[in-house]
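Multiple structures are listed underneath, in structure tokens.
Two complexes follow with chain A in common, the first pairing it with chain B and the second with chain C.
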Partner chain A sequence: MKIAVLLKWVPDLVEELEVDDDGTGLDTEDLKFKLNEFDDHALEEALLLAGDDDEVIALAMGGEGSEKMLFTALAKGATRAIRLTGSSTEGTTGLATAFSQVLEAESCDLILTGVQSVDDRDGQLGPFMASKMGLPCISVVSEVSLSGQTASVMKEYAGGMMAEFEVDLPAVLGIQAARETPRYAPVSKIRQMQQTSTLEEFSITDTGTGSGSTVSGFSQPEGGSGAKMISDIEELAELLNGLGVV
Partner chain B sequence: MAGTLVVCEHLAGKFSDITFEMLDLANSLGTGEINALTFGSMAENAGELGIANKVISASCSNDFNPETYSAATVAAIESTSPDLILIASTSMGYDLANPVAASLDLPLVAYCTGIQNNGEDFVCTSSLYGGKMNVSSKVSGPVVAMVLSGTHDADSGRREGAPSMSEIAAPATDGKIRFKRLIEPEPGDVDITQSEILIAVGRGIGSKDDIEVAEELAELLNADIACSRPLVDAGWMEKSRQVGKSGFKVKPKLYITLGISGAPEHIEGMKDSATIIAINSDENAPIFDVAHYGVVEDLFEVCEELIEELE
Partner chain C sequence: MFSEQERLAFIALIVICSILAWPGFSRMVKIIRSGGPAERSDGLVGRFTKMTIDVMLQKPIFRSRPIASILHAFIFFGFSFYILVNISDLLEAFVDDWTTIDKGPIFGSFNLLADLFSVLVLVGMIGMLFRRFIIKPKVFEFNENVLLHPKVKAGGIRKDSLLVGVFIILHVGSRWVGTALRMAESGQTDAWLPTASLLVPLFNDWSGESIELGIHVTWWLAMGLIVAFIPYFPRSKHIHLMIAPVNLALNRRTNIGELDSVSDPTAPGAKSLLELPWPQLVDPYACIMCTRCHEVCPAHESGTPLSPSALEINKRYLVNNNSGTLVLGEDIELLGNTISGDAVWSCTTCYSCVSICPVGNEPMYDIIEMRRNMVFDSNMPDDLAEVLRSIDEQGNSFGQSNRKRSKWSKELDIEIKDASKEPVDILWFVGDYASFNQSCTDTTRKVAEVLTAAEVDFGIIKKGERNAGNDVRRVGEEGLFESLAEQNIALLETCEFNRIVTTDPHTYNALKNEYPRLGGNYEVVHYSTLLVELLDSGSIELKNSHSGNATFHDPCYLGRYNGIFDAPRSVIERCGLKLVEMPRNRENSFCCGAGGGQIWMKDHDDMKQRPSEMRIEEALSVDVSKFLVACPKDMTMYSDAVKTGGNEDKIAVVDIIDLVHQAMSLDQTEEAEIVED
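Let's look at the complex of A and B:
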């Protein structure tokens, strides 16, 4: 079995976000990026699903972060890592086109990716790409088991409800959470991978004309507009007193 | 303007609140006729969809299936040619909006909190980056917009009426996805939807052991502990304690957040609490937009001092 995992580099929300000079994007100068946390869960689930003879292929767009994401994936146990080069992409629609080119060449049985990312303004990668490729897709998945050419998955709904589906492979799954906390790769192991293994490259061509919509503005919600700020503990204790909870 | 198609979400035999929120939004836009698409036997409840001019009922199972529901939605779009298609930004919506937009080659705007109709085009506002940025997109119809729960008024979208009815057959699919069963949540030791006071811990708590400080405070306030999604994923808290999109919707008298930044997925589950006190060290955290009171400080310092003060 061949399992592909799509990885995306996204802004780290721990950092303060600022709008760029045009007002239509993020100011990326001081911005830190990291692997999309849901993609980390997708990778973990792939590694848990894979048996000894199965392949786990990590895929990422070239550019900033790709080496770190892909060597880390190898250090965690992925069998291959492919970097997509040759063209940049815009938005989910662009990413979907790029990834579908390499996935069509690789013909995988299962494609896992994070359920969503913090910047997927024009749709979620998994179900969008699946539809373009004519593959079935289930998103918001937190349990997967495989039996032959079928996957049995749990999709989460609101209020703690879940639905069980059976999906014919090849299929795409948007992972909400792996069944275990994503494993940690020590820096020494990642360094070792950088020295002993190589990233494969796949050249993508035209990734389309974009999402059909244009970003016309970025703005920060007015911070703290609603909340009355409290600066000392006595005031907070008084408030709780006033609410009748102490 | 060729009108709006509202794709009505339901679960366990009832229209979800987001369905009425989308009807409220559609009603405010003035894009002409509003058609509502329902699935399976939900058309029997069409009387609740009074804002719609017409209800289109897709004859298919009541159980959501990405393939059949997408195919039915595509058929409804083809037969009514709407300018705006509203689909919920929910678990079901993800597997509906994306395939519909992809197969009809329509632009898709996700995580919408508001839509403006400019006559010639739409401006959709999306809440991105964990609620830390509002991003507006200009787009001409037809467009698929995914609407976030909790952004519009479900009560004003719920109106009795007698929309005209029509039926469409859900086109045949290749059956690669099969619905098996719906699973109710396992009851936890505490039903947080019934709690009067909740202390909700988020990622800012840092480690499983540190939840202790929240528990200590909870004991003093006679509160129950709730949490945001990341703590469940990390295995630190039970799913039955999770507030938000894939967890529970709560409305306690008092909701205190510790180290929760306030991603839209969480806010959707707690914003109707009577009083919200947010404690977070990041003054720009979106949680302060919904909180009534805020404390910008290290949560451990606040908790320790408060515990001391209360004791």
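Let's look at the complex of A and C:
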């Protein structure tokens, strides 16, 4: 079995985010990026699902962070790592197009992606890919088990409701949580991978012009004006009186 | 006096016992030789000379347990002298008419010493047995959750102790009684044999034949027993009398603040027994199973499943019971056989177990080798993995943006120089805890104020300083440690400074001892040392004096690891406080429980009481109201411990910089506080 995992390099929310001069995106000048944590779960689930004869292929767009993400995936136990090069992508649709090009060539049984990312809160990457490739897609998945050419998965709905699905493979799954905490890749093993293994490259062709929507404005959320601590009931009554509520 | 048959029987016994003993000894050597590489062959003459002096003075053993150590010294000196006694006894059997009785003052002195040492050995050995079997000190016990070899659980150590004890008593006792019988034979006592002479009247009624028989029986019990015991030696902990001196002679000579390099980066550390460096395979044979190491171990005392003693003992039982297959290369996995996984992650790397061991064992280094291997296999607690990821991604263990590292300085009225932008005399490497932890940043600011008031030309690296990596290395993450060190060294290369100061002993240890191997050579001082310098030079002027009693907690990485004991004490005393030492101080200081990555991991479920809480109780037992620290992690650990132990109204945790800050009157409100004191 071949399992593909899509890895994305996203802004690290630990840093203070700033809006760029155009007011249409993040100022990435000093911004630190990291692997999307949901993708880390997708990779962990793939590694746990894979048996000795199965292949886990990590995929990432070329550019900053791709080496770190892919060599880390290899250090964790991925069998192959492919870096996508050749064309820049725009938005999640562009990314889905790019990934689908390489996945068409690889013909994988299972494609795992993080359920969402900080720059794709709607979790569109999985569904976009599935529709481009004509595959079934289930998102917000937390448990996966395989049996022959079907997978049975648990999908979470609002309010914590869980539903069990059976899906024919190949399929795209948006992983919310792996069944185990994503493993830590020791730095010396990553360094070792950098010396002993190579990243495969796949050249993508034109990925189109995005989804057709553009960002017209981007801003920091407005801060509240602060809170007043009320110590006793009389003070509260007075305050409400003053506001004319009571 | 011995018949030919007896002489032949004795020679036959030697031959048989040597043949029986051979596999045990040869396998021991083979097992040790199959261990991993380690360099211990430098200056062998010096090593063995120093060891001989130390052993003759019984120095390693007198580090603790004075009464047991005195009993040991009796046995040790007696046994050492008994080498001569045994030679004389052999001559007695094989040389006709050989005797040392009535042969003038030289043989007389020999007899006197043999006589007195016999009694001392008997007193020592009976005392030891009394202690182990009648008094039964708690320190011999293991926490219930400690992994033990089945034979240890079945009472193997007690059995071995009893056998060895009875052997020594019979060996020495028989010789002593035999001497009395020889005097009884001639019908007179000897002033050179005062104690054996006391026994002579016991045999007054014995016939000549009975006495003759008694002499033969006691000789065989003394000399035959020693030969018969030889095959048991390699299986018994009594072999320590041969291996412990060798272990002590071949001990670690490198800087203890620097861990050994990984010998094979593609398979770091040790997964199985024979993957341990060879000196760590000498350890189990040297181990006398005294449990002194777990007596001082903060992890064991707090109830976790770690006992450094059990680790060595399990190793010993494994090499004893699997020597045949081990020499054929059938290795034994360490995890689950010598120690449990959660015990590996309970070690604080405080070094107490190594420094207290009377036979030079290094259980802590086994744990580090195992951690290296486990980390390489991504086998570690989730909370540790989380912190390592933060340190890798953000450069600090708090998972915060590294750009906030110097945020603590924004609240100061003074502007601290940026050492990465302008030259400074002293570069202050602040470290994670002093920078990020809210219970430390007040202290950090006070350091800045004191240094400014003392007109020290200092600066910090406002952007780019990363965790120094001391504890990263000690949890076994070699690669991350090297990456951190390389980044810090590259950053420090861009800075112009003469010395580095830090308040954090862990950072101090890494910069001073671990960085040189990677090309970072700096003069590093701990702030306590710098404060003493500034007090000496008059740059710090103390306007007020504190009063009252206080105690000081020696941080492991400042004291035991780097030998800095006096500087913080000097600061405390010069600030006017009367220093009252806790029972465990200086080299014997008790770890706060934070080191070796413990501060990043949650407490073990079995932990009965945190080491830091025990330490606060220890401080309260010497009746002080101030608990002084010189380490940001100590500030964190003990501030918490005082709260969780409900001792907030009894004792205050104070950093030594607070004392100086107040005594310099850097804050008017503080001056008022001092007067109140």
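Here are a few things to note about the model shown:
In this text, the second predicted complex is superposed on the first by the 220 of 246 C-alpha atoms of A that agree within 3 Å, B and C clash if a C-alpha of one lies under 4 Å from a C-alpha of the other, contacts with A are read in each partner's own complex, and residues count from 1 in each chain.
The rule we apply is simple: a residue touches a chain if its C-beta (ideal position, glycine included) is under 8 Å from a C-beta of that chain, and two chains touch if they have at least 3 such contacts.
Owing to the predicted nature of the structure, the values given are computational and were not obtained by experimental measurement.
Of the two partner chains placed by the overlay, neither chain B nor chain C lies in contact with A:G148.
After overlaying the two complexes on the shared chain, residue contacts for A:I230 are found with chain B alone; chain C is out of touch. Touched residues of chain A, counted separately for chain B and chain C, are more numerous for B. Contact with chain B, but none with chain C, is seen for A:P11 once the two complexes are overlaid on the shared chain. Of the two partner chains placed by superposition, only chain B is touched by A:L240; chain C is not. Contact with chain C, but none with chain B, is seen for A:K34 once the two complexes are overlaid on the shared chain. By the touch criterion defined above, A:P186 reaches chain C but does not reach chain B.
Contact with neither chain B nor chain C is seen for A:G51 once the two complexes are overlaid on the shared chain.
Comparing the two interfaces of chain A, the one with chain B and the one with chain C have residues 16, 181 in common. By the touch rule above, chain A contacts chain B in their complex via residues 11, 13, 16-17, 19, 26, 41, 96, 115-116, 118-124, 126-128, 130-132, 136-140, 152, 154-168, 171, 174, 176-177, 180-181, 211-231, 233-234, 236-237, 239-240, 243, 245-246.
Chain A contributes residues 12, 14-16, 30, 32, 34, 76, 181, 183-192 to its touches with chain C in the complex. By the touch criterion given at the top, residues 11-12, 16, 63-67, 70, 90-92, 94-95, 97-99, 101-103, 106-111, 123-124, 126-139, 143, 146, 176-185, 197, 220-223, 232-235, 239-240, 242, 245-249, 253-254, 261, 275, 277-278, 282-286, 288-296, 302, 305-306, 309-310 of chain B touch chain A in their complex.
For chain C in complex with chain A, the touching residues are 262, 265-266, 268, 375-376, 378, 380, 382, 385, 388-389, 392-394, 399-401, 403, 477-480, 482-483.
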